[in-house]
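I've put the structures underneath this note.
Here come two complexes built around subunit A, the first alongside subunit B, the second alongside subunit C.
Showing the complex of A and B:
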């Protein structure tokens, strides 16, 4: 009986031992998980006493793949060559980027830097995944806060702290097919067009199976901005039901009801940009660096999108944020500034005033509209992003945008959207 | 003897360890996560059954559950009937039957993603194959994926297209039915319908039962094609899609895990119900033989 018990105990101990070995193998080194392989690098304080013995190793996660990745790697190689105290390594995640990033952060394997689209900044900041930069940026010579267009800085700010540096800002522009305008005898759009003028022109251009305009890219909030409203103010209070916001949304419904745009489903299935490229629509709102000038077979013009009481346009803004877990935030911030400055000379449209003119050399096809794009960059902005922006975007799409497009009462749609947003943020 | 048994345990210990580490431990952890508020970046915060209570209030949860149940209720019996019909058709001795068997089984071996992309094109309002065919008979284009009321029929159509995958099991079942049963029935004067009802269908009940269980599990866990294809008015937002959104878009891993447990319970209850009912309608020849033998003894 005793022997049997001993054998069982032995077996149990063997299993436990093996189980522990497996767990230990899976667990990894907690120090390693704090930063990406830079334990042997002196931290901020230690660095004061002695010269760094080795460059700080940093990792930047990007969604870039293929050609874009190759160009980015070349850019990083140049940055690394001139750097004395850090070395950046590129980690490409071309598919399921945010899911993988989330898993890496959850597994304490966060990259030191990560590319983010603007709507993720508040979320990542509120969850403590990314670090505020203000303190570390103050001593960096080649960082010039004044050089950035205000809208691009605003989207990277959460709770009055700056969490990211923008590397691209694509203001939305109104492209138009000059041939269609001339053929229909319609006056060409201007930079100070109102929405009313836009609708009037659109009606004249909507004929023979062609459409006046396609605006599906415009986020619904941009119509509220156009009349001085917003979904949230900068403090995060809901302002969707303000008279200004309602006026903007009513204008959106007026545009939809005017019949100058194809149904969203039709445009989605035919490809929004393709409809413009193939001359099916006369006006199209797209990013400033879209390639219509290279691909379309007609004369193209570009102006700032129409306005209500305010002239404003949406901008798609890409940023790089720094992980909260990076081991040497001072050196990392310096690397972030160097890397971001280098990207401004690569990506168009740059979010800085000094980098803006790069567009002339990298995209000569845009030269005709450089001043217009500059004007748009000055008035461009992103959302007042909230920590639960992902869910809020879903609510806006479901309760507001779709309802307005279906012709439902704007006030009712707004109240229904606010109720849903309150449920999300409670 | 005991030493032999210990050696046995030793040899299977990698599997046992794997089972504990990769199955039991995650299950326990998942149960705990379901009781927490966890954004994945920070430590989980214990909230008891708060997630489960929130689920009751969640309109999107109810909608996604209803979409999934609706799909399961229609697609499972439809899939069973279609697969069986195809199997009966390709069980006949006609020229080129092997070609038909292969062709009909093909959907089961093609990657799910490519099939989804293909169907997205087939169902497209402006360029889709279905609307093109409909236009030939004067029917205006339908918004298969853009009109909420047509999204579910579209998914059912896609499910039917894959019925050839289930055909294989029915075909094996059909070929296992002894020919003498049909001969005996013919001698007794049974017509074709009676032979089908009392022999074919009865002998196929274990296969139907297997496909019923697999169908329930598969349809309740529908994800891949819905993730790619979507659908208007949230009619293509199946339960697993909403679960995924909570976990990876909204950073609500605790909530998503609670959803996973609710789904687990639903599937388990449906499976138990099917198994409980099986004694009334599933015929196992081996059981009958055993009973007969017992009687003889």
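Showing the complex of A and C:
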């Protein structure tokens, strides 16, 4: 019996060994991926150095989903066809995008390019995860710096160096329900509306259970910009307590106190966009490419958001940054420019002046508002992002936005926010 | 009001009616998300978020299923998930049992300390070890393969299962193995001829938990797999959840297709599952 048992143990060990061999075979291409993802130097089977004629292998990480991913892969395939010195491969990260990206960077497996939302640029740049592009961009013919809207370039700049190329910029617009305006006999909004005019119209439209406006999408900093203030200046100094910033925040509180907007919790539970879509609110601030024209069954208009002393709007900006570990930054930057130019012809709204004509063909429902969106793009901007922007955003939400909405004193809320920001950045 | 003046038979009938109504209401509330999921998988994009909500689909939009299968390469991802789950399950069940047997039946220096050490790893959240472990696997070139997802299990199983099985094995009478030793059986023979057959309900329970955990795991495959043709179903389904837009129809259709094997396994092993929980509950 003992002998038989030993034989079976032997059989089990043999099976385990065979299994390990099978698994090792399953993971057989890891060396190749390491070569393309990390070193970017293609190696042949014998491990010899790459021939100079071979294309530089590059990887771009994207959060794009199923249909969007397929379109992006087709776009990259076209870019690859016309490229002579590089070949880009798409790496899909369909969930927990930044967690995966940061793990890959920590493991020195960073993709050569990565899509980033604007608030991550300063953080990644300060950690040395992404590379400055200025030096490599200077010799590239099809890179037209002048074509980009300044706001979209500013968010990609950290410590006076450009770290990313924007591929989308969604300026926030003021959508309005024309039917509700006409029914209430209120004059339609215009592109040069002030916040006071906005509040006055909102009051006339707030009746019978309907609301004048819903502004939850607007970041609190945008009110400070509206009067020439900001949370940080371009050098990273806190300017939240400047008279201009305070004036903007007081205007925010005035809007909240005017009673023209539903409570944030109510709007969140009903779905912000849905409240506008279903005719529960007359005015709504949302991205320029939101699909209200397709989904709402009333006449829609769109204008630039109201202003204080300055006309400005927030823009959601997506960029592509280049990893600091890419093996051939010169070729990689060229590939980045080609890829970004191609995306501008695909994504609406492009961050370039020349990209506007694309809206008419890819989004005919937005054709009526092309000039308005163009006007908004010219004044659109993002945050003066800091390396700990995520935590700072949390502090602003907790100490500033909520305090203002609760009716607390603006100056006190500002001081409390600054204290918290200082704790984060020290 | 109704109970007064009624015979015991009538009381029983009323009690049963109330009981069944309550149970029925709870069953419907539990099943509602599943029914909603099935209904959504057949709806067109316009109807999914119609206000007021529309419970029944506007016709049978089978294209959601077609999209779920074609757009994420469903069958390839299904195969990948099945392979990972198979090895994961194998390691969790058998290696855990092997280790648990050691802790339950052998005396060796520092046994309790080692056991505590194993238990302490249960308390350690995966997120804490994720980056160092990734760096380790990256250094040996195992990333973008299924190796980091299946091989570690073969070097110790899963601590929770080791704990559960150790408690289970402790309850097996010593007389059984002593008589086997007298008959000349080796420790290994006793393990697979006495302990494993006696522990089938516990092993099946662990198998189901392990299967479910691996089949639905998102973070592990997300971190270690880079190429779309190596993805698992959970990753594939995530593709329908874009930053700007969620494709609810195909997402629900794909989720139902991915759920079927889990349901099948559960119903096939339901008897053992309930028994296993009951037994391990009593014994543990």
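The rule is short, and it goes like this: the second predicted complex is superposed on the first by the 375 of 426 C-alpha atoms of A that agree within 3 Å, B and C clash if a C-alpha of one lies under 4 Å from a C-alpha of the other, contacts with A are read in each partner's own complex, and residues count from 1 in each chain.
Throughout what follows, a residue touches a chain if its C-beta (ideal position, glycine included) is under 8 Å from a C-beta of that chain, and two chains touch if they have at least 3 such contacts.
All figures in this text were calculated on a predicted structure; none of them were measured in a lab.
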Which superposed partner A:106 touches (first subunit B, second subunit C, both, neither): both
Touched partner set for A:127, first subunit B, second subunit C, both or neither: first
Broader residue contact with subunit A after superposition on the shared chain, subunit B or subunit C: C
Touched partner set for A:65, first subunit B, second subunit C, both or neither: second
First, second, both or neither for A:95, with subunit B first and subunit C second: second
First, second, both or neither for A:391, with subunit B first and subunit C second: first
Partner chain in contact with A:269 - subunit B first, subunit C second, else both or neither: first
Partner chain in contact with A:353 - subunit B first, subunit C second, else both or neither: neither
Common interface residues of subunit A - those touching subunit B in one complex and subunit C in the other: 4, 19, 23, 26, 99, 102-103, 106
Contact set on subunit C toward subunit A in their complex: 46, 49, 51, 67, 71-72, 83, 87, 130-131, 134-135, 138, 141-147, 150-151, 154, 183-186, 188-189, 192, 218-219, 222-223, 226-228, 231, 234-236, 238-243, 245, 247, 250
Touching residues on subunit B, where the partner in the complex is subunit A: 2, 6, 9-10, 13-14, 16-17, 20-21, 39-42, 124-128, 143, 146, 232-234, 245, 248-251
Contact footprint of subunit C on subunit A as seen in their complex: 1-2, 4-6, 8-9, 16, 19-20, 23-24, 26-31, 33-34, 37, 63-70, 91-96, 99-100, 102-103, 106-109, 274, 277-278, 295
Complex interface listing, subunit A residues touching subunit B: 3-4, 7, 10-11, 14-15, 18-19, 22-23, 26, 98-99, 102-103, 105-106, 123, 127-129, 265-266, 268-270, 388, 390-391, 394, 398, 402
